[in-house]
Amino acid sequence: MNQTALEFSKPTERNISDDPLNDPNYKTVGEVTVPNAAMTTKNVDVHYGDKQAIFNVSLDVGRNEVLAMIGPSGCGKSTFIRCLNRMNDTIDICRIKGDIRLDGEDIYSRNMDVVLLRARVGMVFQKPNPFPKSVYDNVAYGVNLHGLSNNKSELDDIVEDALKRAGLWDEVSDRLNQPGTGLSGGQQQRLCIARAIAISPEIILMDEPCSALDPIATAKIEELIDELSQRYSICIVTHSMQQAARVSQRTAYFHLGKLIEVGATDIIFTNPSHRLTEGYITGRFG
Amino acid sequence: MTILSILFVLFIVAPICMLVALSLAKKNRVLRNHVEKVIKTFLISCACLAIFTTIGIVLSVLFESVRFFQVVPITDFLFGLQWSPQMAIREDQVGSSGAFGAVPLFAGTFLITIIAMLVAVPLGLMSAIYLSEYATSKIRAFAKPTLEILAGIPTVVYGFFAALTVAPLIRDNLEAFGLNVSSESALAAGIVMGVMILPFVSSLSDDVINAVPQSLRDGSYGLGATSSETVRRVVFPAALPGIVGSILLAVSRAIGETMIVVMAAGLSANLTANPFESVTTVTVQIVTLLVGDQEFDSPKTLAAFALGLTLFAVTLLLNVIALHVVRKYKEQYE
Amino acid sequence: MNQVALIQRGLARRYRSEKRFKAYGLTAIVSGVTFLVFLLGTTFLNGYTALLQTYIAVDVTILDSDFDGGLSQESLSKSDYPGIIKRSLREAFPEVTKRKEKSELYRLISSGAQYDLREKVIDNPELVGQTTTFWLLADDEVDVYMKGRIDPAVPEKNRRLKNRSIAWIEQLRDQGRIERNFNILFFTNGDSREPEQAGILGAVMGSVFTILVTMLLAFPIGVAAAIYLQEFARKNRFTDLIEVNINNLAAVPSIIFGLLGLAIFLNFFHMPRSIPLVGGMVLALMTLPTIIISSRAALGAVPPSIREAALGVGASPVQTVLHHVLPLAMPGMLTGTIIGLAQALGETAPLLVIGMVAFIVDIPGSPMDPGTALPVQIYLWADSPERAFVERTSAAIMVLLLFLIAINGLIVLLRKKFERRW
């Protein structure tokens, strides 16, 4: 079989660089933009001190979709997701270049208030991190900070609603005043999700939300993500390909700081275009 | 000279001999085991010295205190409101027994400790919070060692400074407001003691605050909290047990501090809550009672040991509680 | 109202409180630093003048008749030198005739000047029969006046230096007969009741002997205890007890250790009072916990792989520790020990209790000679009413702080040189 025959047989691969890691002008395979996106990112570079962690990534988050980011550890997916609500601001040596917009507003511009941004873009972390307060106070925390309720009964309603939507109400309604740290791992993580949705964000970022949980708790969270996607745009980083396949509509594959490929989840997992994606999906590395 | 040479042989020559013996006995396993046993015994006895020191402290203060309480009833000592330990020269003189009611001393100690803590806790805590949550690495690199210098200054220097500079400064400034301030006011001693304890509070709180996991801060920032909201509503409550433990340790230090109060607080045992007046403390009285030649069986000397016993018991209690609280707190986040 | 507008409404207030909170933190740090600068600044301003001492030039005529027994060594050393100085002063100020005035005149010169004069005459007997100009040590009041610390505007009855004396001093100054030289006596003398003769050498030597004893005791014991607890002790009730004990001892007020020393060393074992040996022993007990805790930390920082490697090639546990672990942990142990010794160097209270506050003029030559320590000397001088002791106290503080700075510099150096990351 000669070279031309191969190119003919797989026409989509023609523009794909064979060595994306050493190609500074590498262009992501697949469609990175979506119509009416909730959040758009263009040409994002991230440096930690002298080390570059993200190379020229562009990726949109669509409305009411679940976007999964997968890739081997150290590929920059967590770093990237933390750029979306400026959590990286808390790290002194981190510098971010590029254009990230929420509803068309540049989130790194002077006019963007980081408090407001984080209220609009919620985040759930790798390890469940409930505050050492009661279950109720955990959920009410953000609401009180931002002054979103006018009185106690309004606050009660918000807390109850958030806990219900996080599928936790039935389990904790009788112990709202007990410490949130006393719940099981899965409950804690759902409490953290309730805490995030209590302030009604537009987008929820989830950074490997199930990595510290057992399979049953994981299943519950995945179910929850599915439900939440009716109302919120969700961006989830995961190291589990099965999870990405189960919960997301679109999947982005990161490799050593570069966004290699992005596309509809079923296509990425059944017929990836890039050999690195394929290698990861088929378990050759990762 | 004999004591000196005994000590020298025991702690310098003996270890060296053991090391030499060990290297000589390299080939002979039986001999080596013997030498190693001797070495281990030496190590154990050194470790036990800590226990002997504690026993020694307890026994020495307890023994002399018991002798004191045979002369002065313990209730008079603990609840008496009059402190004037001057003993008459002749037995038959009127009032030869003196008065040994220690309440004014406890009150004075308490007053000065409160003033010191009012200075040290807010300043120390806020410094620790600023350094761990706000300061750039440049400010931290400058401010942390500077505060440590404050901790390394001998207390006698603080005492001199309090007596010579701070006390007149306070008196002159407050007299301008028509207040009557004693030249040896509790305020001056308390403030300077507070500054002395400040770095202690700040470094302990710094440890405690840094033990609060970053994930909690991230959780708070992720919900859109500002730094101060995160500190006040998440970090501080989470660190509270540890902070309380550090404050207890600081209190114990303030109670036991001697030189500042000896030099800057007075000798008059006033029972007052007025910080502008002169008060005396337990440690001041211990020093005054013991400096100068004293007979070991006079109640005046023995009273110092009774005060020492009280001081030891109170600080020990505070330390035990504080160390326990801090340890429990750190385990929680391990 | 929608969510964003609701949040924005509260933002200004929240940022104000953020700014305020940050300002509190900065204020706290600035006040700590300010206090330090203030403390060091006033100490320096009060103390640097102690480096200079005033001397007065007096034409001293030594007559043959001052010496009864000819110019023998004995007669030279026994003569009435204060008298000679007084006579010379009378000659310098012939207008002073009244008894009260005369005694005021004599007070311009320190009572210590006679010893200086005697030494010079004994060394050079040919001075007898001649008039020589000697620079004599001035009294502390004269010295304080020359340093501008006595305000002549203060009513005469409120100061010890009277108008007449000030006039004499000014007259001497006009004649160029008064000058300030480097105050070498401050560094070579022991304590004295007269500020102009008081020096810190006695206290420094006392401190040196005390710390030496402390080091010789605390370092081996502390290291041995740490080795046992960290490397050999099984985890049981007994070792737990020792550990709790050590942690608590570290927080026992230092004066309690003084009481321990008084009751055990002085009262029970009848050791002499006021000697650096006892002081060193008390301070050793006091610093032991610090040394043990930091030595254990240093041992704990040596990775287990080192021990496993040594045990793996057949070394006994004792050999493993002594030959392999200990050398690696030594820098850390030394640092901990030095920190403990720095603490001990600045410690005062326990030394007061065991009687190291006695007024001692002689410079101690061994740990068994009565002596005092530098911080105790500071305490003693701080208690003295003479104005001239203020500058000497401050100067002694500067010397003490210099010692501590040197020690801390040593610690930094040690850490830099031996810092090891596993």
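As written, the chain order gives the labels A, B and C, with residue 1 at the start of each chain.
Here, contacts are C-beta pairs under 8 Å (C-beta built on N, C-alpha and C of every residue); 3 or more make two chains touch, one makes a residue touch a chain.
Since this is a predicted model, take the numbers as computed values, not measurements.
> Select the chain at the greatest separation from chain C, using centres from the mean of Cα atoms.
Following the centroid criterion, the farthest chain would be A.
> Go through A-B and A-C and name the pair with more C-beta contacts between its chains.
It is A-B, judged by the count of C-beta pairs in contact.
> Just by CA atoms, which chain is the most central one?
Of all chains shown, the one whose C-alpha centroid lies nearest the global centroid is B.
> With chain centres taken as the means of their Cα atoms, state the distance from chain B to chain C in Å.
Centre separation, chain B to chain C: 22 Å.
> Roughly how far is chain A from chain B, centre to centre by C-alpha average, rounded to an integer in Å?
Those two chain centres are 52 Å apart.
> Using Cα averages as centroids, what's the distance between chain A and chain C in whole Å?
Taking the average C-alpha coordinate of chain A and of chain C, the gap between them is 64 Å.
> Residues of chain A that touch two or more other chains: which are they?
Touching at least two other chains: 115-116, 119, 145-146, 199.
> Going by the touch rule set out above, which residues of chain C reach two or more other chains?
Answer for chain C, listing residues that touch two or more other chains: 7, 14.
> Two or more other chains in contact with one residue: find those residues in chain B.
224, 226, 229
> Mind pulling up the chain B residues that touch chain A in the complex?
Residue list for chain B touching chain A: 136-137, 213, 215-226, 229, 233-234, 237-238.
> In the complex, go through chain B and note every residue touching chain C.
Against chain C, chain B makes touches at 1, 3-4, 7-8, 11-12, 15, 19, 22, 32, 36, 39-40, 42-44, 46-51, 53-54, 56-57, 60-61, 63-64, 122-127, 129-131, 133-135, 139, 143, 146-147, 149-150, 152-161, 163-165, 195, 198-199, 202, 224, 226-229, 231-232, 249, 252-253, 255-259, 262-263, 283, 286-287, 290-291, 296, 304-305, 308, 311-312, 315-316, 319-320, 323.
> Which part of chain A faces chain B closely enough to touch in the complex?
85, 87, 90, 92, 114-119, 122-123, 125, 127, 129-133, 141-142, 145-146, 192, 195-196, 199
> Where on chain A is chain C touching in the complex?
On the chain A side, the touching residues are 113, 115-116, 119-120, 145-148, 199-200.
> Give every residue of chain C touching chain B within the complex, in rising order.
The touching residues are 7, 14-15, 17-18, 20-22, 24-29, 31-33, 35-36, 38-39, 42-43, 46, 213, 216-217, 220-222, 224-225, 227-229, 232-233, 241-242, 245-249, 251-260, 262-264, 267, 271, 277, 281, 285, 288-289, 292, 316, 318-319, 322, 342, 345-349, 352-353, 355, 357, 367-368, 375-376, 378-379, 382-383, 390, 393-394, 397, 400-401, 404, 408.
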